[in-house]
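Each of the next two complexes has chain A plus one more chain, namely chain B in the first and chain C in the second.
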Partner chain A sequence: MSNWEILWSSRDVFWQGFGNTVTIFVISAIAAFLLGSLLVFMMEGARPRLKKPLRIFIDGMRMLPFLILAYLFYYGLPSLEIRLSAWQAGVSALILYHGAYFAEILRGSRVTLSSGQEEAATALGFSRPSMFIRIILPQLVLRTRGVMGNQLIILLKDTAFLVIITVRELTAAANSLSSTYFIPMEAFIVVIGFYWAISLMLEQSIRLLGRLGEKRGFSNA
Partner chain B sequence: MPEYSEVSINNLSKSFDGTEVLRDVSLDVSRGEVVSILGSSGSGKSTLLRCINWLEVPDRGEIRINGERIGVREDSSKPMTRRELAKVRTQLGMVFQGFNLWPHLSVLKNVTEALICVQGLKKEEARERGMEFLQKVGMAEKADTYPCTLSGGQKQRVAIARALAMQPKVMLFDEPTSALDPELVGEVLSVMRDLSQEGYTMIIVTHEMDFARNVSDQVVFLDKGIIIEKSAPDVFFNNPGSERVRRFLELDKAS
Partner chain C sequence: MDSSAWGLLLQGAWTTAWISAVSIALGVVLGLIIALIRLARLPFIHQLLGTYISMARATPLVTLVLFIFLSGPTFGINLDRNVAAIMALTLNTTAFNAEIWRSAFNNFSNDQREAAMAVGMTPWTYFRRIMLPQTVITSLPNLVNEMSFLVKGSPAIAVIGIVDLTRVTNRISAVTYDPLPPILAAALLYMAIIGFLVWGQRIAERKANRLAM
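Presenting the complex of A and B:
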């Protein structure tokens, strides 16, 4: 049996890893986006006292290697009597870490949105949350779609770190096959193909978003 | 309860960084009346208009819409919450110099968004009412296009439809034609003229002298935050009481 045939016969291991990676990625991406949006909303909200701690959180996250955060959640928190499963630790680290990045991306675009649009919404009686959700956020997403797509790909790649805290995702699958059959080259090449495939799908959806944006005159990204 | 005009402004004052922009301004606008506010730039006219719906918070004085106080609670004289303000603001429609349409929404959605999110209309009802008002400003065919494809005049007409669809009692116009190319001014003014004939109460900050002369019932002239002339248009334009207004009109004629 060639090395490739060995891999083919254990394709279930890859599929399981692929499924886990995609699940972790989708959950984390959605939650991180929601967290980022919420952070931006709270930073411009009625409570100025919140602004500083939120800023510190965002900067603190951005200035820290993701791997350290994953380690901290899985190996560090038990010393505080907080025991998370590998999945819980991994996913919550991804959400907090990338949520901070999403917040920073959205906020950067937020400050350049014309204030007249908000005045119009205010004059029409919009509440703050519905103004943010219906008027502001969709525009921020359209404007930042390029950087957002990039950040999503970084998030995808960060899921690979979770192998270190025993999550059975794609990289873990390749790792275990490569050590079981001693075929690291082929195993890791296959896994690269999987990451490329997911990234290409992401790029494609960002392109679709781009088309929506162009129709509306958002051609900056 | 005393009888109030549709809009009554009493002793309004406002400063920005120590500069007084409005000083003790009082103005009554009755139902169906069209009032033009003139004045050179920096005279405080836009600030006055923006105070009426509390986009700008005055330092002193009070504003009532149909007797209902805006911005400050009647019982406790505490500032209103955004929600309380929104309720009073439903009586006021505002049109801005820069149109302020939302670029990510279609023309129709620009009109229906507040109907759905603020007034709680069902999608179908909102759509119907939205189309009705787009029709009114002659923009129904453009319902499914996006603001970036419209000319300035068309954008402003959509903005007017958006404000009208909320069925306000009073329409506030903040220099609605100042950002338009000269050849596009007419279409917006003609929509506004129709509204005045339908009996809308309108307060208009403008530089359009002909429009102020022909359409308004009352012309107000602001100078350095003080109302120095308030009269019917024929008096204002033919025989103004103040020297300052006379000079303003001459300069306008010369230009």
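Presenting the complex of A and C:
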């Protein structure tokens, strides 16, 4: 059997790894986006008490490598009697880490939004949360879609770090196949192809989002 | 944590620092070379490099490190761990740097080129004396930003057994049975390294703004 045939016969392993990577990616992308939006919402308002601690949290995250946070959750938390499985630790680290980045991206665009809209919305009787969800957030998302797309690709690439804390994702699949059959090159080429395909799909959907944005008059982003 | 644990941590930090520094130096220069080659738009090579950049930007560092280290022997080359790590980090950062250089070259004003041609400069003199010095300054903030991304991605090299600043926490906790303090200390050291780069980026931005192009 040639090396490629061996890989084809063990395609289940790849599919499982691919499925796991996509699941982890989707869950943490959605949760991180929600966390980021929540952080931005909590940082605005007339007298936000939380502004300073949140600022420190976001800046702290931006100066840490992702793997250190994953280590902290997986190896460090058991000292405080909190035990997470590798999967839980990995996903919660991804959410917390990228939530901070999403918050920073959204905040950067938030400060350039004109205050006239807010005043108009307040005059029309919008409450602060509903104004944020219906007026501010959609604009921020459409404006920052390019940077957001890059961040999503970074998030996808960070899922590969989870192989180090023993999560069974795509890179782990290639690693175990390559050590079982000793065909490292082919196994990793397949996996790199998978990652590439996901990234290209992400880029494409960002482009589609851009077209939607242009229809609504956000060609400047 | 006693002094020997701190010593190990500092050793790990040193490993992270020198491997990152070598990859950064290689990556910036190679990125510049690739950007220049792409600028010439040679028929086949242009697409080839474009594919490389697109792929290298989509591949996770962990996967790349494992790929290079494990598939080296299939080609009959037995790579040293450090060399494999530097190769992977360089391949990754070169792709990003090439895009940074390329966008700086593309955004460069055409008027200056025409002026240089008018006073009789050869294309090489024009590039060397006028274009390069200015693009270095304008792309410096982005390059430094990419450097801090590289440091943040560098724990990936732990996967092939290099004892870097992340991996060393395992070694310490294997002795002390308390993983929390070394991980927090490593986090502090990373913050120091990356904070230093962010500070450098701020200075670079100020310089770039003063040029105001």
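Here is the rule we use: the second predicted complex is superposed on the first by the 218 of 221 C-alpha atoms of A that agree within 3 Å, B and C clash if a C-alpha of one lies under 4 Å from a C-alpha of the other, contacts with A are read in each partner's own complex, and residues count from 1 in each chain.
By our rule, a contact is a pair of C-beta atoms (placed from the backbone, for glycine too) under 8 Å apart; a residue touches a chain by one contact, two chains touch by 3 or more.
The model shown is predicted, which means the values in this text are computed figures rather than measured ones.
In the three-chain model built by superposing on chain A, chain B and chain C fit together without any clash. Judged by the touch definition given at the top, the superposed model places A:I135 against chain B, while chain C stays out of reach. In the superposition on chain A, contact is made by A:R216 with chain B only, not with chain C.
Between chain B and chain C, C touches the greater number of residues of chain A. Between the C-alpha centres of chain B and chain C, as seen from that of chain A in the superposed arrangement, lies an angle of 110 degrees, given as a multiple of 10.
Once chain A of one complex is fitted onto chain A of the other, the partner contacts of A:P184 are limited to chain C, with no touch recorded for chain B. By the touch criterion defined above, A:V111 lies against neither chain B nor chain C after alignment on the C-alpha atoms of chain A.
In the overlay built on the shared chain, the residue A:S79 is in contact with chain C alone; chain B does not reach it. In the superposition on chain A, contact is made by A:S127 with chain B only, not with chain C. Between chain B and chain C the least C-alpha distance in the superposed model amounts to 28 Å. No residue of chain A lies at the contact with chain B in one complex and also at the contact with chain C in the other.
Here chain C touches chain A in the complex through residues 54-55, 57-64, 66-67, 70-71, 74, 151-156, 158-159, 166, 169-170, 173, 178-180, 183-184, 186-187, 190-191, 194-195, 198, going by the rule given at the top.
Interface residues of chain A, counted against chain B in their complex, comprise 114, 116-117, 119-128, 130, 134-135, 138-139, 142, 215-218. Contacts from chain B toward chain A in the complex involve residues 53, 55, 82-83, 86-87, 89-90, 92-94, 96, 98-104, 113-114, 117-118, 146-149, 159, 162-163, 166. Chain A contributes residues 60, 63-68, 71-72, 75-76, 78-80, 153, 156-161, 163-164, 170-171, 174-175, 178, 184-185, 188-189, 191-192, 195-196, 198-200 to its touches with chain C in the complex.
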